[in-house]
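These notes open a run of structures that come right after.
Below are two complexes that have subunit A in common, paired first with subunit B and then with subunit C.
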Partner chain A sequence: MSELMSLLLALLFFVPILSSVPIAFAWVYRREEPWVKKLPILSVIGLFISLVIALYIKFYVPDGPHVINWLPDLNINFVFIFDYLSKNMGVLTALIAFLIGVYGLEYMKDDYRLGWYWFFFNLFTASMLLVVYSDNLLMLLIGWEGLGLASWGLIGHWFRDDDDISFVGMKDRKILGLSLHWSPSFGGWRAISTIRVGDMPMFFAIAAIFALTSALGTPNLNISEIPWQELFKYIGSAGTIILLIALMIGPFTKSAQLPFSEWLMTAMTGPTTVSALLHSATMVAAGTYIFMRLSWYIKPWDMHAAPGLETVYLVVLFLGLISALYGALVAVGCRERKVLLAASTMSSLGLMFGAAAASFWVGEIGVSVAFWYLMVHAFAKATLFLVAGHLIHVTHNRFCVGDKEVAKKLKVTYYVTIFATITLAGIPPLTAFWVKSGMDEVMHTLIEEGMLAPLVLLLITSVIYAAFLAKFLSLNFIKGEKAHLSLHGGKIMATAYTVMVSMLIVLLMYVILSHGHVESELIHMGLERNSMIVGLVVIVSYSFAIFKPSIKALYSVGTFLGDRMYMAFLNDFIVPKIGWAIAIVVDYGNRSIDYSCHKAIPSLFEVSSHNIRSIQSGYLKRYMKIVLGLVMVILVAISIIGM
Partner chain B sequence: MTGGIPVEVLVLLIPLIVTFIVPFFKPQKATAISFASFIIPFFVLLYKLLISASFEFPLLDFPGPIGEFYLFGDAISYAIGLTICIVSAMVAAYSLSYMKHRFEEMELESETEFKKFFFFYNFYATSMLWLVFSGNLILLYIFLEIALITSFLLIYMYGYGNRQWVAILYFIWTNIAGVLALVGFLMIAYDNSTLALKGITSIGFTAWLLIFLGMIIKLPGLGPHIWLPWAHAEAPTPVSALLSPLTVGLAGYILLRVYLVDPWFIDTYKIPILIYAIISSIYAGFSVFKQDDFKRLLAYSTVSQMGYVLIAICLGPFGLIGVVIQYISHAFGKSILFMSAGSLIAVYHGLRDIGKMGGLHEYVPNISNSALMGFMTLGGVLTIGMFGEFFILYGIVDTFGKDSTLIDYLWLIIAVIVVFIISGLYSFYTLRRVFYRTPKEFETPKVSKLLYVPMYIIGLIAIVFIFPPLATGLVQNLIQNITSIIGGLP
Partner chain C sequence: MEFLEFLVFFSSLILLTLGAALSFKTNKGALLICLVALLIILPMSKLNPYVAFVIVIAILNLISLEILKHNQIKGVDYALVALMAIATIFVIYTRDLVLVLATFVLVSVPTYVLIMISDKKANVDTGIKYITFMVIATVLFLIGAVLLIYAHSNHISNLYIIGYIMFILGLCLEIGCAPLHEWVPDVFTSADSIPLSIIASLAKIIPFIVAYKILITTTFNPLTASISIFVALIAAISMFIGNIGALTAKELSRVLAYSTVANMGYILATLVVFVNVEYVYLALTGALLQLFVNSYGKIGFFTSIKEGGASKPLMYMLALSFIGLPPLMGFWSKLFILSSLVYVGYIWLAVILVINAAISVPYYLRLASELSISPKVSLANFIALIAVIITLITILPPNWFMEAMKTLI
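And then the complex of A and B:
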């Protein structure tokens, strides 16, 4: 049984990667042949096999760990954990990846780099699955780095930088000399450079946990087994804060929380399928997922005595909620389809961090609510991205355009968008409503702790959130500018996002019909009076934005928000300027060392040897003069000292 | 065991014998023989590493103060030895295509030149391989000098630019290093009346200082580092692909061996050494951004990576594991990168200026993809480099007191994290400058398979090394080896 399990897990990760190797090679060597165009189907089959295995794990594998030896002497092994979080998350990841894969068969069929695309797409999925199921932090890091690498490859997929449809920002738009127009290769570089900044502190924290647990007895890197309480006591409050913040910088950069948010916006230079995958179940979700998993096993609610822990959770709570508000405001100002959705993702991730961090005060329910929101958000956001991709194909425009004609011609797309937006906005009685009510209740409980701000931030964010979702719908299907449509195909794409959106109904059924502890809690909280009021406010905000998607009077505010409050200056101006200043100083240093060692010192030798040689003329007179001169000098010296 | 001679010694003899017979073959055969002469020891050493073997084989017995000459192997030697073998084998295969192009460019007669080239090449690589297994400091010094002279000659004959000047520059710098180390070795000899590693009991201050300074020049640290960009950039690429990945790192290996004999010097002065190493690594990391010559850029990155080695050696038993793994990962990564820089030179007739590159992935995807693997290895993304970084970070907490809170040495933690971040940043920054962005006007050339397949193989090995059984064997045996000498199991 154990060996079968190891085999299944190996298949889960390696089949998607291996199934995309044929297209990766064939595309380089045999691009012209017709059968090569069919190879992507093989990659999608690989994704499907992963899905089947993930489903099998969900329904037939008992909770608990599964261990495969790696570095047994150090007690570092491949430890897979099956629990509530990982089982559901695994299915979610595999399912979304598979559906987006199917969509990609049509969306990407005329692309110039299919080998690269499918290889990194499947690597992306496999890495995420590794992150989802791993209990061991070092093993998690393999998946984590895989995510970073694959996202770099996919965001910079259209590396030729030759098609404005793949850019982000407006051409020729400059603020203070800084161009607000980003190319795909730049987007990729920005993503990997930001992520690198987060990964290294996280890596340190992992190594430190290993060293500290070995000081406590046995070295351990398994999240579910680390003696967290003793660990925190051992390193005291300053140590706990340093350790956990270092660990959390990884998730913060991956999940694009402030101030690391810019890369996520320019990540929209990648193909839309990539954005859909990146924003729903992989990459950005990985950050919040890791935080949930950590909280699930640290159990901070039982550890109020641990020094420093409260500070960490406070930081995460407010960082998350402020990022949520920032993302929502940016989304309101955005006019680019995908960037709008990207900003909204950032906002959602902030809410997840906030809710999960609230667990310190409210208990496990905080994490559960955050996780449920992750699932609902994943399906809804993936759907919206796939719709956006279809619209970009049809209108050849990455900005929000489209009037009622689009709605008429693309009926399925239209209805899917309506359903996805109202579900995600939290309009009762649809899925996100129950989950958002859970969040409301969680933040409401925090008032007892003397914190009103979280609830206020959450409510403002929710209202704005509904507004920009409605704006997205309205500007693309109802009240946008007239668009020129080129309709052909699109059947596979439409099927994929229809299936995707219907998953929201499955989740809704699950919430209502299941008698699980978390689900009944959600229903209970949704029926509270406060939640109903919030639901009503959200409906008002949503309907207002449908009828008034853009307000002329607020144009300048909108531009400020749409320019992401000029956060780009941090990434494109402040940090590079400092870096280049150091690089220039260093370069002068190299030149001067080079000059002194290879020019000045050799020529000094040359000059002195020349001078010494010039003495050796062979005339006795000259030698006499030198001797006399030296005698004079000595006499003078003696007379001075003698004084 | 074959008649009392360990099989390791037999396989070490193969490249040595091949060195002297290879000039009698035609270029193609010579390449194949050289390749085979290194790939066989690779598999043997890998096998020996995985079964945690060890050996000792006496060669000659000199009276004091020289002491016994002997060969010995433990996990450290096996790990570094197999790295030297695989890189030398792959670069040998690569040389055939590359040097043919180089000889044409220099208007030399390729058949005779190949004879000279392969003789010196094999001699060079073999001396490095034997260095790793030598058990006497004088023997070690002899191999160090052979490696120096052969590489000097290769640069002198086939280098780029002002090659004679560069070769002499290289020779003088590294010879100063060698002489300093030699004086240090001799002082050890008179204190201990032997130079056999197993016989030395203590190393005095002056001796340690001289060896350390010599190795700082060779490694190189900040200041003396200035010879390296010249030598590595102007050497013919196959030589760069051995110099940078293998030779400079051997300075770290020598420090490691001396440390295992008597660690007091580094233990006492670890704070200043760490500060120096970190500054030198960050300094070189920033230098990379300003380089416009691809090979010079890679040379600066070598200086930065060697800073890792110097950092790691101050960090106790787990730092030492970090030294070995960092040596391996840097050797893999940098050999791939120098080869890819060389491939660009070969297919685009001397193209080295990054300012003129851009979008090359369009025309030479295989070279671009292998360069990606090389930079991944440098940055420790999904490759063996990950373990190197892990052990260095672990070593910090392990060395600087597990009892104190992390805040006491927060400066060190942040500094090392910055070092690691920078190497990741310049990797992907350079990749973008060279291979991505809007393609410039180039033609799609015909690229010989030998110009990229060796790089793919090294890249794959670097990835395979993070999974069992290779990772398990490597890390476990290194830990056992090092802790059996200086203690400190977790």
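And then the complex of A and C:
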């Protein structure tokens, strides 16, 4: 049984990668042959196999870890964990990746770099699955780095930077000399460089956990087995804060929380399928997922005595909620389809962090609510991205354009968008309503702890969230500018996002019909009076935005928000300045090394070498004076010392 | 000493006398008899590696004298070299103080004559310079040794210190350690290369053996512990002066002169090991291996200088052995020296030694590249080849040499 499990896990991770190897090579060496165009299907089949295995794990594998020994002496092994989080997350990841893969068959069919695309797409999925099922932090890092690498490859996929449709920002738009127009290659570079900044403290934190657990007894990197309580007691308050924040910097950058959000916005330079995958179940979700998984096993609600832990959770709570508000505001101001959705993703991720962090005070339900929100958001956001991709294809415009004619011509797309937006906005009685109610209740509970701000932030964010979703719908299908449509094909794409959006109904059924602990809790909380009021406010906000998607009077405010409150200055101006400062210091270091190696040390040796030889005058008399003088001086000196 | 050994040494001395006498008739015969005189010692020694190494050095010296066929003492020079070799071997078979000191003189005196020979005019100036220094050295060394032994047996610590210092100063002067090295660069640049190859190789061994013999019998802990700092300082100065001095020297024999100063510094450093007698075997192994590295390298380089160069790989191998690249002998010698220094607590000296090994890299490589010429059949190539083969012997880690040294002590 154990061997079968190991085999299945190997298949789960390696089949997607291996199935994309043929296209990767064929595209380089045999691009002209007709059969090469069929090879992407093989890649999608690989994704399907992963999905089947993930489903098998969800329904037939009992909870618990599965260990494959690697370095048992150091307690570094391939440890996989099957629990509520990983089972559901695995299915979610594999399913979304598979559906987007199907969509990509049509969307990417005329691309100039298919080998590159499919290899990194499948590597992306496999890496995420590894992150999802890993219990060992070191192994998780492998998947984590795979995500980073694949995101760089995919965001910068259109590396030729030759088509404005793949850019982010407006051409020729400059503020204070800084161009607000980003190319795909730049986007890829920005993504990987930002993520690396976060990864470094994370590496050190993991190394520190290894060292500290060794000091406590046996080295341990398995999230579910680390003796967190003893660990926190051992390193004290400051140690806990430093360790956990350093560990969390990785998830913060991956999930694009403030101030690391810019890379996510320019990540929209990648193909839409990539954005869809990146924003739903992989990459950005990995950050929040890691936090949920950590909280799931740290059990902070049982550990109020642990020093410093409350500070950490407080930081995450407010960082998440403020990022959520920032993302929502940016989305309201945004006019680009994908950037709007990207900002909304950032907002959602902030809410997930906030809810999961609230678990410190409210208990496990905080994590559960956050996780449910992750799932709902993943399907809805993937749907919206796929829709946006379809619209970009049809209108050949990356800004929000389209009037009722679009809705008429693309009926399925229209209805899917309506359903996805109202579901995600949290309009009762659809899926996100129950989950958001859970979140409301969680934040409401925090008032007992003397914190009103989280609830206020959440409510404002929810209202704005509904508004910009409605704006997206309205500007693309109802009240946008007239768009020139070029309709052809699109059947596979439409099928893919229709299936995707129907998953929201599956989730809704699951919430209503399942008698699980978490689900019934969600229903219970959704029926509270407060939640109903919030639901009504959201409906009002949504309806208002449908009818008034853009307000002329607020144009300058909108531009400020749409420019992302000039956060780009941090990435494109301040950070490069720091980089230059470092480069200058390094340059001086290099020069001083050059000077000492090429000038100072050689001339020092030359001069001393000449001096050493300068006593060789050739006269015996002089030599005798030196030698006899030295011998006498030494003997006299020794005699004096010796006495 | 056993009767057999006595017999062998005695008969080889008789052979040498015969050889010297025969040289008035035939040079070839003299060379042959001298070789035989050396080779009969080898079976007697039961193939002791030390004896074998010394005999090979002596044979290479004898062969190199062929290049200098027309010198002032032709024929007798073979016997002189062989005599030095026999004395160098004899010293490990005797425990008699007088005989030990006699061997020292026996090796020193032939060099007085050898230094002057040349295939042109005799180098009398150089000879005078050399002899003046050697006489002072020998006096200091012998008086120092006698004082040491006297002070040790009578427990007079002040006298012991004076004796020790005189002894070490004499040793430094004899072998050319800085700051008493003034004669070395002058003599090495003005004398003929072939006698220099003998003086830089065969003549350097016995002073150290005698020093080890005297010091091991007169170790005076804890006095040795405090006084050994003197040796360490001289060794460090010598390494630096030698290596830095050689860096920019233009004349090749001058480079070799400073290289000798540096190498003598390395070997002198091992004398600090008497702080802890337990590790003397390690230091002796390192010192002797370094002496052999120095001897074979110097013979190869000096004969090449005399003949205008030698084959490139051979020159580079010798240079790399000096630098201390594994698995050449120069690596092992430095390794043993370093480990003995570290074991007795002279870590700073070990660090200085390593730094100096690094400083020496440029000039050894320069030496090798300047001496490299296109391959041809020559005596220098043959001698260098033998030298390289010997330095390659330590591809087998020289534990065998260390074991032999242990039994010697």
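One rule holds for everything that comes next: the second predicted complex is superposed on the first by the 582 of 643 C-alpha atoms of A that agree within 3 Å, B and C clash if a C-alpha of one lies under 4 Å from a C-alpha of the other, contacts with A are read in each partner's own complex, and residues count from 1 in each chain.
To be clear about the criterion, a contact is a pair of C-beta atoms (placed from the backbone, for glycine too) under 8 Å apart; a residue touches a chain by one contact, two chains touch by 3 or more.
As the structure is a computational prediction, the values presented were derived from the model and not from experiment.
Once the two structures are overlaid, the count of subunit A residues touched is higher for B than for its counterpart among subunit B and subunit C. In the superposed model, A:21 makes contact with neither subunit B nor subunit C. After overlaying the two complexes on the shared chain, residue contacts for A:624 are found with subunit C alone; subunit B is out of touch. After overlaying the two complexes on the shared chain, residue contacts for A:608 are found with subunit C alone; subunit B is out of touch. Once the two complexes are overlaid on the shared chain, A:634 sits against subunit C while remaining clear of subunit B. Shared interface residues of subunit A (contacting subunit B in one complex, subunit C in the other): none. Of all residues in subunit A, those touching subunit B in their complex are 28, 68-74, 138, 141-142, 145-146, 148-149, 152, 156, 159-162, 183, 185-186, 188-189, 192-193, 196-197, 199-201, 203-204, 206-208, 210-212, 214-215, 219, 235-236, 238-239, 242-243, 246, 579-580, 582-584, 586-587, 589-590, 593-594, 597-598.
Listed in rising order, the residues of subunit C touching subunit A in the complex are 128-129, 132-133, 136, 140, 157-158, 161-162, 165-166, 169, 173, 179-180, 182-183, 185-186, 230, 241, 244-249, 254, 258, 359. On the subunit A side of its complex with subunit C, the touching residues are 605-606, 608-610, 612-613, 615-616, 618, 620, 623-624, 626-628, 630-631, 634-635, 638-639, 642-643. Across the interface of their complex, subunit A is touched by residues 169, 223, 226-227, 229-230, 283, 286-287, 289-290, 359, 361-362, 365-366, 376, 379-382, 386, 389-390, 393-394, 396-398, 402-403, 405-407, 410, 413, 416-417, 420-421, 424-425, 428-429, 432, 435-439, 466-468, 471-472, 475-476, 479-480, 490 of subunit B.
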